[in-house]
Structures are given as structure tokens and as C-alpha cells.
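These are the structures, in C-alpha cells.
Two complexes follow with subunit A in common, the first pairing it with subunit B and the second with subunit C.
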Partner chain A sequence: MAEHVILFTGPMGAGKTTAIQSLSEIEVVATEAVNSDRITADKPTTTVAFDYGEITLDDDDKVRLYGAPGQRRFDFMWTILRERAVGMVLLVNNDAADPLASLTEFLGEFGDLHARGGIVVGVTRSDLAPVPTLDDYAACIAAARPEMMIPVFTLDAREPSQMRTALMSLILNVESTAASRDPAFAQ
Partner chain B sequence: MGVAELADAALLGRVDAREAQSPWDDTAQALHAMLCEPERTWLKIDIDDAASVFVDSRLRAFERPDAAQPLPEAPRTVRLQSTIVPFDAHPPFAPPGESLDILLWTVGLLAFDGRPAPWLGAADRYRLRRWPNFTLLAHSIDQMRLTAQIGSRLHSVDEMAAATGVERAAAQALINALSLMGILHSAPAVAGGAAAPVASSPATGLFARLRRRLGL
Partner chain C sequence: MNQRLHRDPATITHGSAALLHLRDLCSSLTYATLLTDDGFEVTSLGGADIATARMASMASSMQALGDAVTRELRIGAADYIIIASASGYVIQLRVPGQQLVLSALFDADETVGKALSSARLAIAEMAGGLGSAGTAK
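And now, the complex of A and B:
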């Protein structure tokens, strides 16, 4: 049975657990603990190990959705989950203190996923903070990793249709990247 | 200057469906010209049997009172009025308005009936500057597949259509829309043609299986 692991990363409060809940057809397995950092994200609990959800394909094959904890003190989980993932949805909340710095930090940590799979960036809470714009995010990616073309969308993690759009574009990117390695694409 | 004064602004013309291929052709050209100008410009678009659309180039936003209704695909007439306004002029609608990308995407898809937009070369090849914000835009799975083709490499419209199995006219309409939104790089065709692309999303791939599973 093939394993299709999609990783959800991003800073605390970006909406990773909610995003997986929007996509998963099972009740999400969450490892939450009391949030001791109410300055970064004002919410009572936060993920400390991982969140897990899944979508069943035919023949009992599954797309496995893993949410990584957003705080760097749990980055040992990042390494474990990154090695299994075929692609990543990176969520950044636009009302954070410096969302472009968060984007750059997580692209630095998980950029290798782009080489062997794909990355999609979802900008959440842009209704509360209209800037940075999507052009700002695209420029930031181009400056940090000029070899990457990463889809960037505004997202409401609570909306299943929007999360499906992000997931489908990620998988398209993964398959498109694989196809571009075919010699027929050499230009 | 407010909305009322806009009626006195430069009349770009009344576009009649019997004279032009489609009134949307001229609307797309007016929007393209407006976005190429450094001055702040307002554009008022009067569509028969529909509410007027107001566009502000500096805000990159628009207002359309009946936004819940789709724009008519084949209106009889569209009347365009454009005016250059001071940079600090009070907006013609309450900000922030709707993202202009929504209007540019819709008009770009409706205009030119499968032909290249006049500002594009017939044999040009294209690559994305950034992805369109598909969570904001009404789109099809085929439009996502076409877009993925030009995510990291140059393709002509013919190459996009061949790689996806989507009709050439639909691929051209997508290129027209993305170009109008200003998110495409273009390059002249290569001498001797490029290597033929292969399909990137086979029917047995994860994308196809997930598409079936999600009923998309």
C-alpha cells in the first residue's frame, strides 16, 4: 500500500489543526496541551506532538494528513514528519507580528520538500490583516528561494472547499514536478 | 470627484455585440490599458440588464452591486467610461471593495473567444509569476491543471492543451485571464519548437484518485 503523507506546518495559531479537521473524514487525533505562550497565539491549547486526519482513497489506500506543532521547541517532530511527507501545506496567519519572517523560517526548515514533492502556502486571517498581499508573499519566496514556484492562496481553514483547493493544487504540483523530471521536458 | 461625476468622464465607447466579437473584448482591453498606466484611473462599466461595475486602479478593487449574479456571457452592449483622477481622490465606492483579480479573471475568460488577447503574441510561451488565488476565483479542475503546467516552465498554449487534454480554446482563455491579471511571464516561441510535454496527471495518479474521491 502506497503512503501519501501530507504535512501541515506553520507558526502557532495559523490554523493547522482546523485545516486538517476541514479535510479529514475521521475525527482528528489531536495532541493538545495548555498553551503557555498566549502572546504569540491567544488560544487555550496548542499542538505538542502532531495532529492526524485522513482521507480514504479506493482500495483502502489513504491520504494521511499530519499537522506539525508550530513551536520550535517541538522541532524534533518536524524532522520525523518531514521525512515521510510527499508535500506540505504551509499556513501563515497574516495578522501575526511578522508573517513574512515566519514564511522564510518555515521554507528554510522544509524547503527540501519542494525538491522531492511540493509546497503550497495558505495565508489565513487575511480578512483581519490585508497586508502583506499575495504579491508580497510571492516576492518573499522569490527572494528566499528563487528556484521555487509555490502556489500562495488566501485561506479560511474552516472552509472545506478552500482546503480542498489547496490540497488539490499541492498534489498537482507534486505530480507536475515529477513529470518535469522526465527528459521529455528538458528545455 | 465622486461616482456622479464619473458620468462626465471620458467615454471610451459603447460596444455593441453586433459590431465586435464580444463586448468583453473591449472591456478586457480597457482594463489592460488602465492597469498599464501609472495614473490612478476609474473605470465605469455599464452592462445591459445588469448593475454597473466601478473599478479603481489604485485600490486594485471594484464594486458590483449584484456581485452574487455571474456576469452575462454575451451581453448585447457594454458601455465603458474612464477617467484619470488625483492620486488621493476619495474612492468611488466604500473600500476595500472586491479584489480586482476577480473581475480580471472573469472578463479575461469571457473575452476573445479562444483567440489570443491583442497584447499577446500568437506563438508566445508562458510561465507564472505567481499562482492565481484559486480560493478566491471561481475555477474548474481543468483550469488548475492548465495552470500547473506553467508553474515552473515555459509552455505555449498548444503545449498546455496537449499536456492536459483540455481544448486549446480553454487554454487560450486561461492565458488571456492570467495575462490580464498581470501574473504571467511571456517569452517568444523557440525556433524549431520545444520538446512535446507529456501528461503530468495520469488517470492513475494521486490527483486523479483524490479528484474522484472528492467528487470534483
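And now, the complex of A and C:
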């Protein structure tokens, strides 16, 4: 059985914890604290260490799902969590003040995961804010990281089927990258 | 009250007084910080060479991980956390009834028991002074 460690990143309020809860087969290990800064993000709790869940795909691939805190003051956790990750789901909430700036920031911070396996971008809460559009995101990625091919999805983090589609897309990329490095992996 | 708990004047005042009281109780205290559950520094004492805001975030993560472990093991809420090293130790406790955590560094000359009991006295005093002020609205 192959194992993959996938990191969920993105700004506070993007839906990382919800996405992992939607996907995980086990009870999610959560490290939520009461959010004392409702001005920055109006949500009751926030992740302060990590979220952890697991999902088995096709009886053959176990995926360990780690959610990173969204605030930069927890960037020491980013360093810890990225060590074993082979891919990243970057979630950005479209109703944030400047979602494209968040996209650029997190791509800059975690861009190395693209070479390790892959990155997918999930745009959440686009029902609440129709812009930026997916084309805007694609253009932003092309400008910030022209060397990277990164798929962009609109996602509802509460919907397991949508999250699974995005995750499967990433896992295919991760396995394809691994196979290109080591042909034995593909067999 | 200010919506940002770490900037609430009453929380800062009572927190600072409690840290000073803790230093009076334990001369081995080298650094202490009061932080919100979600990792914002409220006030600190000592630690001139320590990145105090960063330590507050790390203490928040540690507290949440301690809570996750006790929850997983079904042994109730985490009472306190101790990190020991050859040259000192860190004691962390949640302030009763508040969304606040005390994290304190003592040098190795102190006994864990005395440091822990002193920290408990300090947070009890803080909790009494704060009433319901030390919770986010």
C-alpha cells in the first residue's frame, strides 16, 4: 500500500479543517482554539497546530491529510508539516479581502511542494463572492509561478465528493511525479 | 471590551500583575508569557532575548496538542504541560475559566513542584481578577 502525505494550506477561514473533515475516514484530530480575533476573520475557532485525517483511495493508497494553521504566526508549524508532504491542496476563500494575494503568498511559501508531487488550488466560498474568477486565479498563478502547471477548482469544502475529486487529481499528479523519478513505483 | 482579547486593557493589567506575582514567588522564573488560546501574546515578563510573540504561538500549539492527546486518551482536559531540559523547564497552564494560557520558563534550580504550585497561585489570582473579561466576545 502506498502512503501519501498531503498538506492543506491557505489563509484562515478558507475551509481547511472542514475539507479534512469532509474527506477523512477517521475522526479528525483537531487542534482548534477559540478565535479571539474576530476582526481578522469572523469564525468561532481556529486551528493552532494542525488537523489530521486519513482516507484510503482504491484500497491501495492511504492518504494522510494534514491541515496547517492559516496564520503566519504559526509558520513554525508550516516548517514541521511540510517536511513529509508530497503534495498540497491550497484553499483560498473567494470572499477574503484579497484572495489573489493569499494565493501568491502561499504559493511562494509552499511552492517547492509542486516539484515533490503537485499542487491543486481550491477556491472556496465563490458562491458568496463571484470574483475573482477561475481565469483570474489561473492568470495569477501563471504570473507568480509560470513554471508550474496547477489546476484550479471551485470547491465547497463541506462536500466530500468535490473534495475527493480535487484530492484524486492531486494524487494522480503525485503518483505520476513519483513514477517519472522511479519507474518501479508505477508497477 | 476590545474584540481582540490580547489588546484588552483589563486582561493585560491583570495578566501583568500575575506575572509579577509569579516572579515574586519564584526567583528562578526567567521568562513568562500570558497568551490567548489562539496564540496571541497578551503580556510577557523577562525574555529579552526571546521572540516572545513567536513563543506565544508555539505555546498555543503545545496547549492544543496537549488537549488533543488527553481528548484522544479520554482522560479529561489537560491540567498542565511540562517541558523539561537540562537547564530548565517550561510549565504551561490554562487560566481557569478564561481563554488564556500561562507559559513560564524556570531555571533548573527550581523544583518542579514549587514552580507548578506558584504558577497555579498566579493563574488563580489572575482568574479571580478577570472574572469574565478574559474570554473572547
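The working rule: the second predicted complex is superposed on the first by the 166 of 187 C-alpha atoms of A that agree within 3 Å, B and C clash if a C-alpha of one lies under 4 Å from a C-alpha of the other, contacts with A are read in each partner's own complex, and residues count from 1 in each chain.
Assume contacts are C-beta pairs under 8 Å (C-beta built on N, C-alpha and C of every residue); 3 or more make two chains touch, one makes a residue touch a chain.
Everything numeric in this text was worked out from a predicted model, so none of it was measured.
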Subject >> Which partner, subunit B or subunit C, touches more subunit A residues >> reply: B
Original post:
Does the superposition put A:97 against subunit B (first), subunit C (second), both, or neither?
Top reply: neither
**OP:** Could you say whether A:131 touches subunit B, subunit C, both of them, or neither, answering first, second, both or neither?
**Re:** neither
**OP:** Scan A:57 for contacts with subunit B and subunit C and give back first, second, both or neither.
**Re:** first
Subject >> Touching partner for A:179 - first (subunit B), second (subunit C), both, neither >> reply: first
**OP:** Return first, second, both or neither, reflecting whether A:29 touches subunit B, subunit C, both chains, or no partner chain.
**Re:** second
Subject >> subunit A-touching residues of subunit C, taken from the complex the two chains share >> reply: 3-6, 36-40, 53-54, 57-58, 60-65, 67-68, 72, 99, 135-137
**OP:** Please give the residue numbers of subunit A that touch subunit B in the complex, ascending.
**Re:** 4, 55-58, 61, 63, 130, 134-135, 138, 149-156, 159, 162, 164-169, 171-180, 182, 184-187
Subject >> subunit C partner contacts - residues on subunit A that touch it in the complex >> reply: 29-39, 46, 48-49, 69, 71, 73-74, 76-77
Subject >> subunit A contact footprint on subunit B (complex, rising order) >> reply: 96, 128-131, 133-136, 141, 144-145, 148-149, 151-154, 190, 194-202, 205-207, 209-214, 216
